[in-house]
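In the two complexes below, chain A is the common chain; its partner is chain B in one and chain C in the other.
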Partner chain A sequence: MKREVWILAKQEYLSWLLNTRNVAVLIFVVFVRKAVVLPLIYMANKYHTVLNWAESSIAVANSGVSVLLISVILLTVLSGLPRIDNDFYNIVSRVGMKSWCKAQLVFMYLAVVTFWLFVFFSTWVQTAYLSYIEDGWSLVTTQYSGDTAIENLLPLNLYNQMPPLKAFMFTYLLMFLYFLFTMNVLVLGTLYGKKNLTTIGLVILLAVGVAAAAAKVKWMWLFPVSHSILILHCQKYYRAQLFPIWLSVLLLLAFNVFMTILIYRRMVSVDGEILKGN
Partner chain B sequence: MIELKNVSLKLKGKELLKNINITAENGEIVGLVGYNGSGKTLIMKCICGFINQYTGTIKVDGVDIRTISVEKLDMGIQIEVPSFLSFYSGFKNLKMLAGLKGNINDEDISEVMKLVGLNPDSKLCVAKYSLGMRQRLGIAQALMENPNILILDEPFNSLDYEVSQNIRRILLKEKEKGKTILITSHNLYDIETLCDKTYQVEKGEIV
Partner chain C sequence: MKQFYKEYRNRYEFKYILMLSACVCITYFVNPVDKVNNHLITMIDVLVSHRDRIQYIGWDTLFSNFWGEWFIFTMPILFTVLCVRVFAEELKSGTYRYVILRISEAKYFRRIIMEFIVTALLIILISVLIYALVSMIIFPMYPNIQIQSEDDLILNSLLYTCKTVPRVLATIVFVILLAYIFAVLTMDKYLAVIFPFLIEYMVDQKITNVFLYLALDIAMYWVAEYVMRRRAEKI
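Take a look at the complex of A and B:
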């Protein structure tokens, strides 16, 4: 990688970390605490038992509402990407359009990984003190979920079909690929000077996808967000999956590769003025 | 040297520039004057390689800018209202920009900041800068790498009389060094007192 690409990506990343817009992640933390962490802790305390280390992190990514919230927060905290203000001219005149675009892509990957890790750690840390590290579901999930939200977040579909480690890995792999998909679409839209329109389109795609997933209609698989939710793939009792997980991984991966190629092709010829939406 | 020959620009079906012919020799300050929205900034963006959809030719030092990427043009530019990372000091902002090319050091940055009347040791973040200070910081970033060509869009905006005079002196010194300087203004006085040649831009045309 060219030296200036890395320097610029690093500068963009550090400025992004300091951006006040990131306060939006607090909404996520509060939501997770109320909807996932407190019910889990309550049931664990009630029955004098402990949780599996991965359960809270899996639960947070397995409901349409939380995926909707996580995605909207992702779009909010990364809405400034790629950063195109008047400083843009000062930067592009020094590094050129191609290096600028590459730096924005590197910055995007760094930011997506950071957000993805944040989703995991901010949830995990709240239940870590009450957890054990073994590859087996806790009694809270399998026996004592009762009428609480846990029954919906960590349902039969999941714990009957795979151990927590496998569920955790698939959950976070699908989530990561979905985050990348969202940001790749946003960057591509920006390269065509349609950033606002792309953002609106992404939110609509997300909302309709979540609604379709909630209604469990067959055409929910037309929406990328459905592929990112692990429990939608699994049945309650049969090992056969409603939609193969590996195919969802492959589809999201293929979309991301395709988008990246389109982005690269576009960045070679794009005008600075188009990027600014003029 | 900058040379525009029959440059026209159409964006979204709208003709924004019509048959622009401009020449700026080495050691010359050339001014573009016109009302806001007349097309001055668009001409500058074309010269800097930010817009490629124009017809006609633009040559910088004899090279067609379509055949060379933006960063290889030896230009210092300040286009539109200067904007920087607001939570960093002026020095830090310039240092970050300078780090992209890596051909000047901290001393060079301090010097250019002093030249435009800014304190390089000040910890004041850019968010707290006045418009005039931002303008000076914008000019400093254009000057700092000692480019052969300076493209300055409304460099005297928001500057008080004394600071304006200082910037004029700086530009005249740069001109003496043989640099090509292109500036825009909507104020005819700014241009007349400084430029060797003036083009009036109206509705995307030179009149």
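Take a look at the complex of A and C:
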């Protein structure tokens, strides 16, 4: 990669990190504490037992409402992509349009990875003090979850089908791919001068997808958000999956590659005034 | 009054108020309304997966606990985001200076607080109306007489109103004043929305008494007036 691409991406990334808009992630932290972490801690304390290190993080990424909130916050904190300010023409004239595009793509990937890591760490750190590191579900999930909110967070069709490490890896892989999908669509919409319309479309797609997933209707697989929630793929007792996990990974991956190519092609030829108009 | 109405209409678009009211209305639908197999189920659960329970849900259930924990949780954001956006932009662009020169800072302070309160009340009113309309369409139009008599229902609703409304109003005023203070101090719409949300979340864990909230409101009013006066001094 060219040096100027990396420098430009780093500069964009640092200025994004220091943006006050990012305080919106605190809403997510408070929500997760209220809806996921506190019920888990309460049950662990009630039965004098401990949790698995990955349980809280898995529960967050497998709840429809959490995914809805996380995606809305992702759209909020990364809504400035691609970043166009007053020195846009100055930068483009110095480094060239291609380098600027590559820098924006690198910045997008860096920002998505940062947000993704934040989702995991902000949840994990809250239960880390009463967790153990083993590849086995805790008693809170398997024995004491009946008649409580935990049964909805970590249901039978998750802990019956796979160990926590596998569940964690699949959950966060799907989530990462979904984050990329969301950002790719938003950036492509922005490049065509339809940022607001794309944002509204994404939120509607998300809300309808979450509602379809909650109702467990067959057409929920038409929505990308359903592919990003692991528990929807598994059944309670039978090993056969309702929708193959690898196919969801493949679909999201293929779509992301396709979108990235489209974005790059569009970015190289886009008129700066269209971007500024957003 | 007429002047206020004219200015309010110029500054706030009704479509955003409607949008926020719809969001608030969603929080009414996620309150527990029934119990199935020892599990509390929300109105959305009833509509999606327990349609056979619709007949057991009457007016008493629908209108006796709709200001639940999710309403209190999301309130600091939904009730301030619109006003803070307008107010923070005004502070950042510096147009507030010309207004203060024309109508003293005390009047300006009261006008902004009034706008915040009117917006919050409008959101509550519209959201309750939407909720009433939607739930009357979906659920049967009779009280749940299997459980209580009609007199008990009226008494319960009155008790609920007397207990909840002052608390909700005191919380809204508290959040509004906090948002105002942070908007004046930071001139940033994001900080002015998120910090009141965090503070309210922490305060809500500790304070349940409505009189303590009222005391906090008075203290916050004083602080809000002070920070505005200090900002106006710089003009």
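By definition in this document, the second predicted complex is superposed on the first by the 277 of 278 C-alpha atoms of A that agree within 3 Å, B and C clash if a C-alpha of one lies under 4 Å from a C-alpha of the other, contacts with A are read in each partner's own complex, and residues count from 1 in each chain.
Methods note: a contact is a pair of C-beta atoms (placed from the backbone, for glycine too) under 8 Å apart; a residue touches a chain by one contact, two chains touch by 3 or more.
The model shown is predicted, which means the values in this text are computed figures rather than measured ones.
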Three-chain arrangement built on chain A, chain B and chain C clash or fit: fit
Partner chain in contact with A:Val30 - chain B first, chain C second, else both or neither: second
Contacts of A:Leu165 with chain B and chain C, given as first, second, both or neither: neither
Partner chain(s) touched by A:Ala215 [first = chain B, second = chain C, both, neither]: second
Dominant contact partner of chain A by residue count, chain C or chain B: B
Chain B versus chain C as contact partner of A:Arg21, first or second or both or neither: second
Smallest distance from any CA atom of chain C to any CA atom of chain B, in Å, after fitting: 10
Footprint of chain C on chain A - complex, ascending: 20-21, 23-24, 26-27, 30-31, 34, 147, 214-215
In the complex with chain A, residue positions of chain C that touch it: 37-39, 44, 48-49, 73, 77, 186, 188, 190-191, 194-195, 197-198, 201
Residues of chain A defined as touching chain B within the complex: 3-4, 7-8, 11, 15, 18, 85-87, 89-99, 269, 271-273, 278
Parts of chain B lying in touch with chain A, wherever the complex brings them together: 11, 45, 48, 50-53, 69-73, 75-85, 87, 96-97, 99-102, 141
